Each structure stands twice: as C-alpha cells, then as structure tokens.
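Single-structure report; data block below.
Every chain is named by a letter (A, B, C and D) in the order it is written, and numbering of its residues begins at 1.
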C-alpha cells in the first residue's frame, strides 16, 4: 500500500483539554509527530513570556500544533457540504500543513527573531525542505510533497481554499489558539462556538466563506480575538519580560563583539552573534537552553548582563508608564540624560515598546500585508464582506490600535535616597 | 506596623484556571512569592514526565503551590465554624507552610531523588533555614518564624490541626493537585465538590474532621484520587520516560566515575556524582538545565548515554510488558542473558519498575508510615473512621495495589533481522 | 433580638449551577423565600416560550431571583472598597429588592401583559404592599419596610447607588440572567468574567461605576448581552410561539365577548377579559394553568381557538418571513386579501411582529426611558461614559436594531393543491 | 424513495447543553419528534419533585429522550469497530427505541404510578401500538415497525445487542441521565468520560461489552451512578414532596369514593379513581394539569386535601426522621396513637417511606429482575464480569442499600403549646 494511504492498525488518540481528543489514523501524521523537529515544539512555549503574568500559560507549541491539525481534520473528514471528496494527497497536504505551520518557531519567538533579524516562517520552510527527519518522512509520500506542504504554509499553494484553512482571518490556527490560550490562562475571553462555525463554513474556489446565518458566531469569534489581544497577548507585564529578554540578547552580543571574556561562553549563540549560523544550530535552541544560559549569566561579572538575567529568571521585571510618542518625544530625551547622570545606561534601562493590533481588516487590494477578508454567503449565493453586515465588526475593522509604554527599573529608582532617582520618577509618572 | 500585620495597599490577584483567582493581601506572602527560591518552582513541572503522555500537563509546581495556599487561605479566612479566631502569627505560619511545602523539589523530582538518594523534604527544610531569600523574608516576621514554618511542613508543629491542613489524607495539597492535574491533563477524573468539603470541615484539637453529612463528598474525593493514580500518575508511558531519565543519570555518573572524557563536562552534576554538593548547587538545578544537558549529551561518543538522551529528548521511549515478580523472576534472568548476547546492556535496556498506591488507609498505630485516617463527626459529636462508614472506601482501604512492568527498547528489537531479537520479543510478550 | 438582625442557626445553601451555591444567613431572606408568592415563581419560566427552540431553557424565575440575590449579597458582604459599612436595614432592603424584583411577573409574561395591557412592575408593587405573605414577612422588619423595598424596585428609593445595583445597564439582574440563560440554553454566548466585574465596581453617590482597568471586562459583558438578544431572546421561532399565544388569548376574549358557549369555561380568565380582576386572581395564574386551559381548548368547537391551542401545545408553530415595513407595507394589504379569499382569518393567521434592542445607550437627559449609562472611573477619579472609551461599545451604542417578521401557517399553505395557497407562498417568499 | 431511507434536505440540530448539539438527518426521527405524544414529554419533568430541592432540576423528559437518541446515534454512526454495517431498518429501530423509551411516563411518574397501580412501560407500549400520531409515523416505515420498536423497549427484540444499548447496566439511557441530571442540579457528581466509554464499547452477539483498558472509565461511571442516587435521586426532601403528592391523590380518591362534593370536580382523575380510563385520558395528564388541580384544591373545604395541596404547591413539606423498621416497629404504633389523640390523621400525616438502590449487580440467573452484568473483554477475547476485576465495583456490587424515613408535619407539631405535640416530637427524634 502506498505510504500516503497507510492507516494505523488502531486509531491513536491524544487526550486534549480543548478538543477532548485528538484523533490520528494516518501513518504519515503519526510519523511526523514522532520526528525530533516536531517534538522540539514541546520546548517552546506557545505564549512566550506570558506565563510570567498568567501562571497557567505554560503550554507549548506542540499541543497547539496538534490542535490546529485536529480542527482541520474535522473540517475535512466531516466534509464541507457542497465540496466534492478531497483526494488523499490533497487531504494529507492540508493536514500536514496544519500540523507543521509553527515548526520554525524559535525560543521566545518574537523577541529572539527581532534581535537577530530572523523570520520563523523562513525556518519552517528550511526545516521542511532541509536535511531533517520531518523532510525525510514527508518525502516518503512523494518527492515533491514537502514542497507542497511548504507552499500551503507559505500561501503560494494553488488551491486557495486549502490555504485559507491554515491562514486567513478565520483559520484553524486562530480558532485553536484563542480557545487554548483562554483555557490555560484561565480568562473568560476566548470562548466562541467553534462547532457552529465549522457547521456554517462553506467552500468556494478562493476560500472558506461563512453562511449568513452564522454571522453572530463569527462576530463572537472576532470579539474573542480582540479581547485576547488586549487582555492577554499585549499584557504590559508580559511585554516587560520580553523587553528584558531582548536586552539580554543585545548585551550578550555587544559583549561578544567587544571582546568581553565570558566565564560561561555563549557557545550556542556565537553563530547568531556573527550571523553565520546553520539550520542545525537554530534547531538546537529552545527555551530550556536560553533559561540555562540566563541562569549561568547571572554569575557573570558584567553588571548589566548579570542584572538583566537576574530580572528575567527571578521575575524582577521593569515597571511601565504610559507614553505618547506624538506629544512626549521630548520627555524621552530628558529621561535619557537623567538616566545617564544617575549611572543607568538608558540603552538597557529605559526602553520604549509599542504593541499594535488590527483585530480584523477588510480587503485593501495591493496594500502591503493585504488580508483576505471574511465573506458571508447570502441565501442567494452572493458574498458580502463581514464588516458591511456587522456593526460590531465594522467598529473595529481596519482600525489599528496601538499602545506605547516606557519600561524602567522602578526597584532601583525607588530604593535609594538619590535625588536624581526622585526626579526621574517624577518625570516618568508626570 | 509589625511586618506580620502589614497588608498590601491593594489586594493582588493571580488569575488561576482552577480557583479562578488567587488572592493575596499579606505583605509577607507577597514577598515570599517574589523570592528567587519560590520563582524557581516555575522551572519544575508538577507532574515530571507526564507531559510526554498527556501533552497538557506542562504546568509547574509554582502554580500548584499558589493553589494550595489559596485553599488554606479560604479555610482560614472563611473560618471554621466553632474555632476561635486564629491569631495573626498562627495564620501566617499556616499560609506560608501551604505556599512553601514543595519548595525543595528538584527537577523531575522522583527520578532525580531516587538516583542521588536525596529527599525533597530535607531540602525544603534547608531552604527555609539556610541562607536564602525565603529565609530572609520569613525571618523578618520573627527569628523563629522560619523554624515554625519548617515544623508545620515537617509535621512536628505542636498544633496538629494546622499540620493536618497541609498534610493528611484530606489536605489542601491533595485537593489542589487532583483538580489541577485533571484540568491540565484534560481527564474527566479529579473532579469533586471541594466547596462542599470546605463547608463540612470541622476543627478538632488533633485534626480536621468531616461532618457526617459530607461523607459522600469525601468518598467522591477518595475515588478521584484512586482514579488519578491509575489513569494519570502511574501511566506506564510516563514511567517509561522516568526509567530512561534515571538511566541517563546512572550512565553519566558511571562515566564520570570511570574517567570518561565528556565533550560537554557535566559541571552542574559533578558535586552530586561525588556526593559533596552545597544547597546552592541543588537550587541551581532545574528542568531547563537537565534538558539542556540531555540535548548536549545526545552528541557524546558514549553510545549508551547518547542513545538514552535521544530517547528522552525526542520521545523515543521504551515499550513495556506486564511482569509478575512472584512467578516470573526466572524470566528476568533469561532475558538478561539474551540481552547480553544481543549486545544490549541489560543494566540500561532491560528495566523493571513497580508502581504502588494506597489510596486510603485507616489507622495502624505504631506502623511505619502510619497515616492519620479521615474521621467523620456524627451528630452527637462522636468520631468514626471513614472506612467503617463507607463501603466504597472500605473496598480500597489499606489495600496496596502494585503494578510491575518491564521496560525495553522495542524499536531496536523490531528493527533488524536479528534472530536473537525475535527470541527476546517472544519471551517478553509470552 | 430584632427580626432584621436575626440569623439562621446554621447557614442555608442552595446548590446552583451558575453560582455554585447561594448562601442565606438572614432569617428575613429565608422567610421571604418560603412565602407562597415567591414559590409561585417556580411556575413561571424565565424565558417564556424559548424552551420551544432551546429545549434546555426550562428554568424558572425562581432560580433567577435567587441568583440576583446572591450577586447582590456578594457585592454587599464582600464590600465595596471605599464604601462605609452598610447599616443592617439598608443591606436588607437591597437584598430583598434583589430577591423580589420579578415578583409580579405573570405566565409567559411578555405576551400576557401585552394582550391584557398589564405591567408586571405594577404587580410587583401590589404584591409587596397588598395582603400577601410577602408583605406580612417584610412588615415584621418595620411597617415602612415593604414600601422601601418597592421603592428600590420602582427606582424611587433615595439612595441611587442601591437602585443601580438592581436596575441599571450593568446590574445584578442582567449579570444573572445572561449567565443563567446561557447555561440552560447551552449557547456559548453569555459568558463574561463576573468575578472581575465585581472586583472593579466602585460606589459613588449616584451609582456603581467601573474602575478604568475593568473596561474590557465590561465590553465583554455588553457584547454578551448583544449576542444573547439576537441569538436567544429574539429567536424567531420563540417569537412565533409567542405570537400564537397572544392570538389564543385574543381569540378566547373575543369568543367570551361574543357570547360563545365554551365547553370548558375560561373561569380563570373572565375577570381579565372583563378588566375587573383582583390581585389574588392575578397571582393564581401561572404557566401550568395556561397550559391546562390550552389543552382543554384544543377540544373546543371554535376552529380557530382549537387550532391555535393545538399549535402551541404540540409545537406546530407558524413559519416566518422577513418583512420590511418601510418598503413592503403594500404587501401586507395584498396578503390580507389573499388570506381572506383562502378562508384564513388574517387577524389570527397573518401576524407581523417586531423585535428591537438597544444593547447599550449613553445618557440622553430628559428623553423618555433615559438610561443611566455606565461610567468608567479614571485613575484621577474622573468619570467617563463607557462608549467614549470603547470603540466596540460605541459601535452599538444608542443604535436600536429592529427586526420585522411576518408569521403564517406554512403547513396549511403547503398542504393542499389550492392555487391560492401557492400564490400566497409566492408573495410571502418573494 | 422508501420513507425509511428519506433524509432531511439539510441536517437539523438541537442545541443541547450536555451533548452540545443533537443531530437529526432521518426524516422518520424528525417526524417522530414532532408528534404530540413526544412533545407531551416537555410537560413531564425528568426528576419529578427533585426541583423542590435542587432548583435547577426543572428539565423535562423531552430533552433527556433526545439525549439518549443522540448517544445511540453516535454509537451506531461512528460505528462499533468489528461490527458489520447496520442495515437501515435495524438502525432506525434502535434510534426510535432510544428516542421513545420514556414515552409512557406520566406526571410525577413514580408517585402517580404507585397510587394508581400503573406501569409506564405498559403505556409506552400502548402509545406505540395504539391510535396515536407516533404509531402513525412509525407505521409508515412498515406495518410491523411499531411492534419492533416496542420489542426493543420491552427487551424481547431478538437482537440482544440492540436491546443492551437501550437497557442494560451501561446503556445510553443511564449515560444521558447521569450527565444531564448532574448538569441541571449543578452537583459535581455525574461526570464521567462518556467519550472514552463509547470508544471502548465492543459489540458481541449478546450485548455490548467493554474493552479491558476501559475498566477505570466504567468504574467511574458506576461510582457516578452510586453518588447520584444518594445525593440527588433519593434526597429526603424530594421524597417528602413525593410522599405528599401521593397522599393528595389518595385523599382525592377517598373523597370521591365517599361522595364528597368537590367544588372543583376532579374531572381528569375520575376515570383513574374508578379504574376505567382510556389511553387518551392517560395522555391528557401532565404536570401542568396536576399542578392546576392542586392549586384549585387548596380552596376545597376538606381540610386534609386543602392542607396537603397547600404543602405541595407552596413547598411546606414534611420533616423527616430516621427510622429502623427492624428495631423500631413499636414506635410507629405508639406514634399512630399519639397522632390520633392529637387530631392528626396518621394515614396522611405520619408516613414511612423507604428508598433502596442496587448500584450494580452481577449475574444471578433465574432470579427475578436479573440484570445483565457488565463484561470486560480481555486482550485474548475472554469476557470477565466487571466486579471480579474491580475492587471498587465489587464493594458495592449486589449490595442493596436501603434508607427508611418517617415523614411528618413538623410545622404543626412545633407550633402550639400542645403538650401532646411535644411528646410526639420527643418520640420522633428520640
């Protein structure tokens, strides 16, 4: 029997708190899950530093990936009404893309990528196409199968409908993470009636659309996303930890570049500092490794590196204040001067950070980052873009909301009887 | 104001999926949570290797410790009816003991302790009484306060009622972990009506007892515990991972002792191999550190160490078979011989492991590990031991159930055309 | 001891699926619950005819009333930070108003009141102040106590803060019913973080306001309300049942007025038909009584009464079609003519019905039905009206959404080979 | 197309809080649901008088019946592995039997049947086979189809496997009601992993058996049942209401027999009093009708009937005391004498009642009410009876637990200064 048609002798299930059970019948899926590159996702948290605010959020990208797979499997196997049967390869391409869409994420993804100017989507491609176990398994289906999976994830796959299941404004990725992140953080947002959404999804040539009667379920989903962003994903305390993490990596690179003699050599990082790393080195990095270095670096002589590592490991985070760049840019200059006078390097101790979300956008053809909007399918078959039909979605549609904050070490500033410190706090809070 | 009476200017809350919110008003509690020794519990999983079976079980001892604290806080602050007011110090001793009862746990606690012959309860004491941040905070209450907290955890505190809240057959520790582990694994066991149990708890001089009308709620709790043990805690796949973990540590020690030249020096472990470690070295170990070493050791030349590490990190676990030591002890000898013939060191590749649980026990005075039983309080005030009143509890009471398994690398044995391998498999499965 | 200070010897609890437990310590509350007027609420469904669409929605106003009481009890007893202690009478007035705010509801409230031009708020007052058991219990507190409770419900009580707990755009009534109705219907809307909202409520002289940091929790609550209205409360099938119910009552009154000889005399209704009923007669009506009559009337000779009753009892509801009064008023005239030609009395078989909701409104002083808006309290103490701060709320604020439908007996129209029937269906659907 | 193969143009779903959605594709099922006899189940509560203790338990037999159908549908449509395809008729027979198994229940079933010596299973048969809408629909499949459905419910259907899905010690009926009753009462018992049980069910010729690995899930189910019986189904307050209900019916019959002139004629009951009723009269009775009569009878002159009705309607229930028939039979005699002296008719005011449950029983061939035990299927295919494998189940297996209580009007006895009353209370409590 062709590998792509091989079924397990007995269905395997994973117990999952969000979907109850995750079902695997296909040999290919089972083999992919057991590759080292996929297992590595167990060592990358789904929400990065968020566990330092919401202590429940310790869940990994491993389980999220299984969850996305399960949603897509249900969509395919329960069948879109109206769509002809999927052929076996198309089905497998879609399932594999669902399972593997996050494969290239590094440790504390966002911060790490920003510092080293990397892109996890790029690495997902590399892992799929390079000399890896995942590649080996996928190639067994057919030589061009890994490329097809990569194309779906890269949104260049010719069947747009398949692409839209994995990445669109209402895709399996988002549906899983909203529910999963809500479950693990314990917040009451993030719930919506996924079962109903699956029932009202309809296939078109170009993408999945939604039966008109399902509009309110989709509104509810959009609102969940909106709430999760502001309540969880952009929580300022989690961003504070992320800011510190980036500053650690900056400092370590700077020290390396300036010839500092590390007690604990940054072996795993050198190739990144020098921008000459190999795929294998990227894969070797996970959050365990970073946390281990940070603990070791707490003992380094460099006071900035050591302090920042202590802050991250022992959760002594920066405090934050609101900041409006339009009207307060002068303030930053003033603060920088004061920090320098007080002996605090503003490069590391006075950090501005902005978060920004666009919970939903209509179609802006030609624009960078154009997004495929969500369409409702009327009874007569016509399609209408969601924000035209829903006041609530219209209200947040296309509106980028941005939040600016300054982060700083309040503990240091509060500690002493230093008059400069008092002045700094006044400026920060004023 | 005395430190022990100090309140935070505004109550702090932690969002918690199990108890909804965890409430902190006391300055002491807040300061303890922010110590590095307590924050370290974020890097120790509550259920060790269980996440390799139940992928949701990635939660840490940090959140469990907060949960135990919250349960005890509710018991104290909502008040036992019938108990005079707690004085402030007694209340704080109890809350701190709840929060800190797991402080001494090491990475993958059970396995690590077994290999190095350590005891986490011993380390909890050491951290409370040694030169640590936790000790410094507790001492601010009064010089003998750390010792009092240690006494409660050590069960030598004179007020037996307080001890029974933290460790007895129906304590806050068990009530939190059953619910929490059920939540994160996603299993349907582990649920019971804690709110009702808290309502029917009554204080006596010696311990907490249960109002007779609450018997069924307690039965349900005991059954939850019974089910969680067999469905989750003793799951053979999780034990397989634990077996491999122990064998890794055994092998590394052996290599160290026999002068093997590690490419990656086991710096963090040497003092443990040589049985001369300091508290600080113990604290420095967490699961990130172990996982980092295991990844590095995958590259070691020693084939056994390298293979075992690969198994653990990439989840290529041992298969298992039932095994009855009473009737099958000969089989082990035979298998050892066959393994040696096949070039598989039975020390590392043929491992027997037993799990055993006593879900509830009545009072057996004088016996080692005697347990305080659960008493029901009749309407007339008399106490009756639970298993006398409940058929269900009686059925499992005092009955130790043990489960023996042999673990072995099925993948190797299945792989080749080696006739010996086939013979081994036949013996194993026969 | 004064009756108002009397406590029960042991706290009573009601098991409640929404709030887990409902706690009663006050003798007055216990006695009120045990009056016949309060127990009567067990025989009035919370959601009227909704159980004919969402079969789970069979819950009564009895449990909702307990739920509102419990929320208010928690607000009072856990205390607003910043508010001086409530005196005992004020506390009891508020609790009793919470418990009794729905006391005057009749069977299938909305429809019944509309047909007989009644007002449940009026009856709540009457029951509180008339010769009833509730009145007797409340009077034991003090002679003017029943009037005070009535004033709170009637929004004329001088303490506006107390009034706002029971009736405002974010009151205990709404918080209970959204959660409760979601629980019993099984829909995924209706969830919001009530515990957080309770934590961010702050008292002012005029009303409860919300700490700024709680804005997103309130947004989520408003969205829940918005969704519940359109998904549950205004569900067209439930409205279809309500339309039929009204037509039954209309027909029975008409028959009574025109001297029809009922086989089963409408004893309970006659005083309502003749607009000369007493309070006792109103109280005697509940949903059991109505359902009993409707079953009996299925056997009446009048074909319209008999048919409509059969429709309601056996759930043979009217079908519905969209209808735009602005552009389609001519259509109604045409349909009426066709119905008459087909021998279907349009008075009973062609019914238009409109639903309309205003999920949130800002302050429009002086307007009829002005609503007190929700205010956010900024860090500096200033108040800002919610819709100015929240795009999402602004989007739906003050916008009345209305939905018009025509209801008709599709079963009759589909049945025969009557050409007129076909024509009617064409017009209806066209 | 044959009626039995007809599918709805679009799948219909019912939103259900327990199973999320209930799915209907078959025209036959849809038509059965819309019959008046099935809709009547909306007016019969699933748990009779239990809503007077657990206010959430207002749910009807209608939704339970849909739930049982849904479980069986999932079993059939997701397919037993190992069973050949079901033919369409067999499938429909099973689904219809699931849906209709409770069709014959009367109002407050247990009490009503006991007083009039009726049997709801008998009526289920009558409704299936008599001149009813249900019969008409089922007959459309084939003339002998109604009889087949009746045979399944009656356990005489030749395919024992089908029978065991609907009625055995682990059937769809029990699986639905345990979960549903837990949901609506809000208790924490009643949860078990039904999805897992469905996965480990295996068909044999004789019955459904359980794969050995599912033993713990089944234990958990048995324990849920055990807990629900004692915590919910046999709650003494609910039994108190049932006792009063029976005494109302007894009294009304007695009055009718002795020629009492009712102000409100017991029209609906006369045929039952005289044991000459027709099916139609049975069907016309529902809980609305009973409650309407009880309210009317509160105004009757007979003081006993009027008092008992007031007690039921306004929830002024009897108090209860423990009672051991073996040792305390003398006490009853003494109490009867005292009641008579005090002018309280012991026939109505001194009631003994016993509840009894057998949570699980092994096979006792030939005994009356023999029950088919639950079998585990070992890896080698052998069957083992559950209680042999599970200590917990063994502990409660075959052990009938009985609870005896005396019910009496404590309010009357506490009221006055009557010395006899005091004496009675002393005896009752003594």
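Assume a residue touches a chain if its C-beta (ideal position, glycine included) is under 8 Å from a C-beta of that chain, and two chains touch if they have at least 3 such contacts.
Everything numeric in this text was worked out from a predicted model, so none of it was measured.
In terms of C-beta pairs in contact, C-D outnumbers the other of C-D and B-C. Look at the CA centroids: the one farthest from the centroid of chain D belongs to A. For the pair chain C and chain D, the distance between mean C-alpha positions equals 32 Å. Rounded to a whole number, the gap between the C-alpha centres of chain B and chain D is 44 angstrom.
Distance from the chain B centre to the chain C centre is 51 Å, each centre being the mean of its Cα atoms. Residue positions of chain D touching 2 or more other chains, listed in rising order: 20, 187.
Chain D meets chain C in the complex at residues 14-18, 20, 34, 36, 39, 42-43, 51, 54-56, 58-60, 62-63, 66, 183-187, 284, 286-289, 291-292, 295, 313-316. Within the complex formed with chain D, the residues of chain A that make contact are 13, 20-21, 195, 199. By the touch criterion given at the top, residues 187-189, 191-193, 196, 216, 219-220, 223, 226-227, 230-231, 391-392, 394-396, 399, 401 of chain A touch chain C in their complex.
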